[in-house]
């Protein structure tokens, strides 16, 4: 019935999926997990504050790989949830928010996230659709670089599925003296983000960031309950070695 | 205006170490440019040490038997052409020199990957250099298949359902050498992916890894963008069997084939620029430590 | 011999305009950017029209179900009309659903099971280096995973803080290694451009 | 909240949930039973739809771009002449497409000489930007920075072929570094990413607000 080789993967997936769902639903009954705060979120707060002090805008871009396919789409969703947080901060403290995006597929969500913060803080008069700019079909890097140099934002946030914009945008941000906040779960670009940014969302922190920032117990529980999977991996590492030492074919079991 | 006086008062001439540590970009860039251009006029012709990965791929291709089908993927965006082209040219030449080996060429990355294929073909020039290799019998070109990762995975499960026709509109049934030899991805004797810059969770590279690597256990090789090679090492050598490291890898492969191609050209410039950058980093850090030493109060030195 | 092909001239001037950005932000770079932003938009517009024609409308007769994404995708156009812009979220929701559906289970195989099977290797073989590597891999992966645990900071500070610190050091090695590979790829691209400019545009013969 | 508002708020989430669950059930099934055959055939169909879905979106992107630029030109905003260049270039490309679409002769000429020129040059300037990033970021400030610096230096030596020629041990050391400590750390990050994906999916499916926003 199930393809050979996918039995265990499917089982583990559904178990984790169910655990996280149950933990999330339990949040509505007041059982909230405590999770640690992410340092890069503090960076966003500082960055927006600095932009307000200097009377300069904040620039947000969701990475150049925001396509509708596979992992890239999921990371874009995470980036958009961070945009909602940034928009809320900008509305609260009164900074102008510039958004550049490379693929129009996400325009409905990006526009909504951009507006949501201003509406929640009751500043809908400051919404300016011209601040959202598309740079389609491979012109994203060059477009953002020029926009940064022309508008001189105080804080540059580039999170999401970064393909080849990490160094370009990061170094341009350094050149205009902006605080650079980067983050991606695409591990091949992550080192370059670390190299060029002041604050970084490392890997999974990108997925968690929007939820942690929202402060909503439901979302916090989805983040916290992931640790079930991590403890599973930790236990499996130790147990696997022990079983292997006893001469059992643990690796064959793991690939049923 | 009052501020200016204050600033003038506080302005001391910074130490030379501090100035060196806060250089502007242009001088750094200018020296880099010189190091890039010089080797083009005065090549050093440093020999390239051949790594185990290139030898593995070479031996695998050497061991291919007549009738084996090879999947050769051209999924790099056209902008990345300089990184991947030399490696693919070398590998394709080697494949074409083996009698009876059948090659399926395909790309998944984007419509512009077809331009990448066109450029490789212009260099290899099958009709002129390999006159006994016939289209439809020894190689076919499926063109760009859109759909990203999902398509890659589905192509591995059942190639001819996803690509029922080749680029020129001929049904694959008319090429029995391919249609009958390959039913699933497991039937490919060797799979070479070209678009390494997608990364492990890039939609084409990741698809190849998940299907041919994890699911069908094919002999999977990558023609890699050097900037992402670190990310693929976790899967080497159990799942990914070989990786060509960009132009350096291509130069190694060219050396195995005893030819001098585009890969070898880059090697000197690569050496020189790396020499410069390493020197820059090391010198900066020596100056940085010395600066820290100088800025300590004299008594505590 | 300097080239007389206008295509090569446009190519070379645009490349130079982009490279000039490295030294200073200047009008040439702005013009190049303006050209590319407009041009790429025009190009992708045609690509999208062809997708709709070739993969959508053209395939309807062979596979009538293609009408579903064709119609749902057209809801995107309501984005232009604010009162009905909520309709344009439907295709996004559907696309994200498809993305999750294809990624999650292979994700378990690639991200959780494959790392496990590769780390669980014996360290009691006769080869001392292999044993050392196996232990190192095991320790670094264990500490790395522990470092990322969200619900407790036991592994980051305090008595067991060393676990998090080892994990962090491992991450730093990985980041450093990858940063080291960055230059090679980019230098090759730059040299490719330089060779193009020198040979095709200026017609200089190189020593290579 | 009226029923209409509820539908309007949640319709996209309904689509998301339906397609996600359907594909998740279909993915591991083997096409040996009737049910398996049915599900796998739909799996292939549905996953092929994404390209068509996204194709429409480009039009609104183009619309937004043209509208922004025309507004700027009309208002004579700062730098409006660059926006005029954008519009002119856009029109040229669109007109070129009338001869053979995106692969027509004029379009191919334009893309190879205009858009590709800029994208390859952008990759090239990263070499420069990377050098200055190295120069600024690699300072021996902390222990972590020192580890980063040393592992970078080893790999940099490996990437420059002349070092491998002069000191063959560098190659072995770099490959060992990539294969062992680097891989182990990458694997640790993989685990988190795989789990983060699931949590994000749950959040998108059930979250009170949209996509975790």
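Just so it is clear, A, B, C and D label the chains in written order, and each chain counts residues from 1 on its own.
Everything that follows uses one rule, which is that contacts are C-beta pairs under 8 Å (C-beta built on N, C-alpha and C of every residue); 3 or more make two chains touch, one makes a residue touch a chain.
Please read all numbers here as calculations on a predicted model, not as lab measurements.
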Legend entry - Third chains touching both chain C and chain A: B, D
Legend entry - Identity of the chain that, by mean CA position, is farthest from chain A: B
Inset, instruction - By the contact definition above, name the pair with the higher C-beta contact count: B-D or C-D. - result: C-D
Legend entry - Most centrally placed chain - per-chain CA mean versus overall CA mean: C
Legend entry - Centre-of-Cα separation between chain D and chain B, whole angstrom: 18
Legend entry - For chain C paired with chain D, centre-to-centre distance based on mean C-alpha positions, whole Å: 5
Inset, instruction - Find the geometric centre of each of chain A and chain B from their Cα atoms only, then give the gap between the two centres in Å, rounded to an integer. - result: 28
Legend entry - Centre-of-Cα separation between chain C and chain B, whole angstrom: 14
Legend entry - chain C: positions in contact with at least two other chains: 18, 21-22, 30, 32-33, 36-37, 39-41, 43-44, 47, 51, 55, 76, 79, 88-89, 92, 95-96, 98-100, 102-110, 112, 114-115, 118-119, 138, 141, 145, 148, 171, 174-179, 181-184, 186-187, 189-190, 192, 194
Inset, instruction - Give the residues of chain A that touch two or more other chains, as numbers and ranges in rising order. - result: 6, 9-10, 13, 16-17, 67-72, 74, 77, 105, 107, 109, 112, 134, 136-139, 142, 150, 164, 167, 185, 187-188, 190-192, 195, 202-204, 208, 223, 226, 229-230, 233
Inset, instruction - Would you please write down the residue numbers of chain B that are in contact with two or more other chains? - result: 25, 29, 36, 79-82, 111, 146-150, 153, 197, 200-201, 206, 214, 226-231, 234, 245, 248, 270, 273-274, 277
Inset, instruction - Report the residues of chain A in contact with chain D in the complex, numbered from low to high. - result: 1-4, 6-7, 9-10, 13, 16-17, 20-21, 24-25, 67-69, 71, 74, 77-78, 80-81, 83-85, 103-105, 107, 109, 112-113, 116, 130, 132-134, 136-139, 141-142, 150, 164, 167-168, 170-171, 174, 185, 187, 190, 192, 195-196, 202-204, 206-208, 210-211, 214, 216, 218-219, 222-223, 225-226, 229-230, 233
Inset, instruction - Going by the contact rule at the top, pick out the chain A residues touching chain B in the complex. - result: 5, 67, 69-72, 138, 163-164, 175, 185-189, 191
Inset, instruction - Quick one: which bits of chain A touch chain C in the complex? Just the residue numbers, please. - result: 6, 8-10, 12-13, 16-17, 33-36, 68-74, 77, 105-109, 111-112, 134-139, 142-143, 145-146, 149-150, 167, 187-188, 190-192, 194-195, 202-204, 208, 223-224, 226-227, 229-231, 233-234, 236-238, 240-241, 244-245, 250-251, 254-255
Inset, instruction - Enumerate the contact residues on chain B facing chain C in the complex. - result: 25-26, 29, 36-37, 40-43, 80-83, 111, 146, 149-150, 153, 197, 200, 206, 209-210, 214, 225-231, 234-235, 238-239, 245-248, 265-266, 269-270, 273-274, 277
Legend entry - Touch list for chain C against partner chain B, complex: 22-23, 47, 51, 55, 98, 102-103, 106, 109-110, 114-115, 118, 174, 177-178, 181-192, 194-195, 198, 206-208
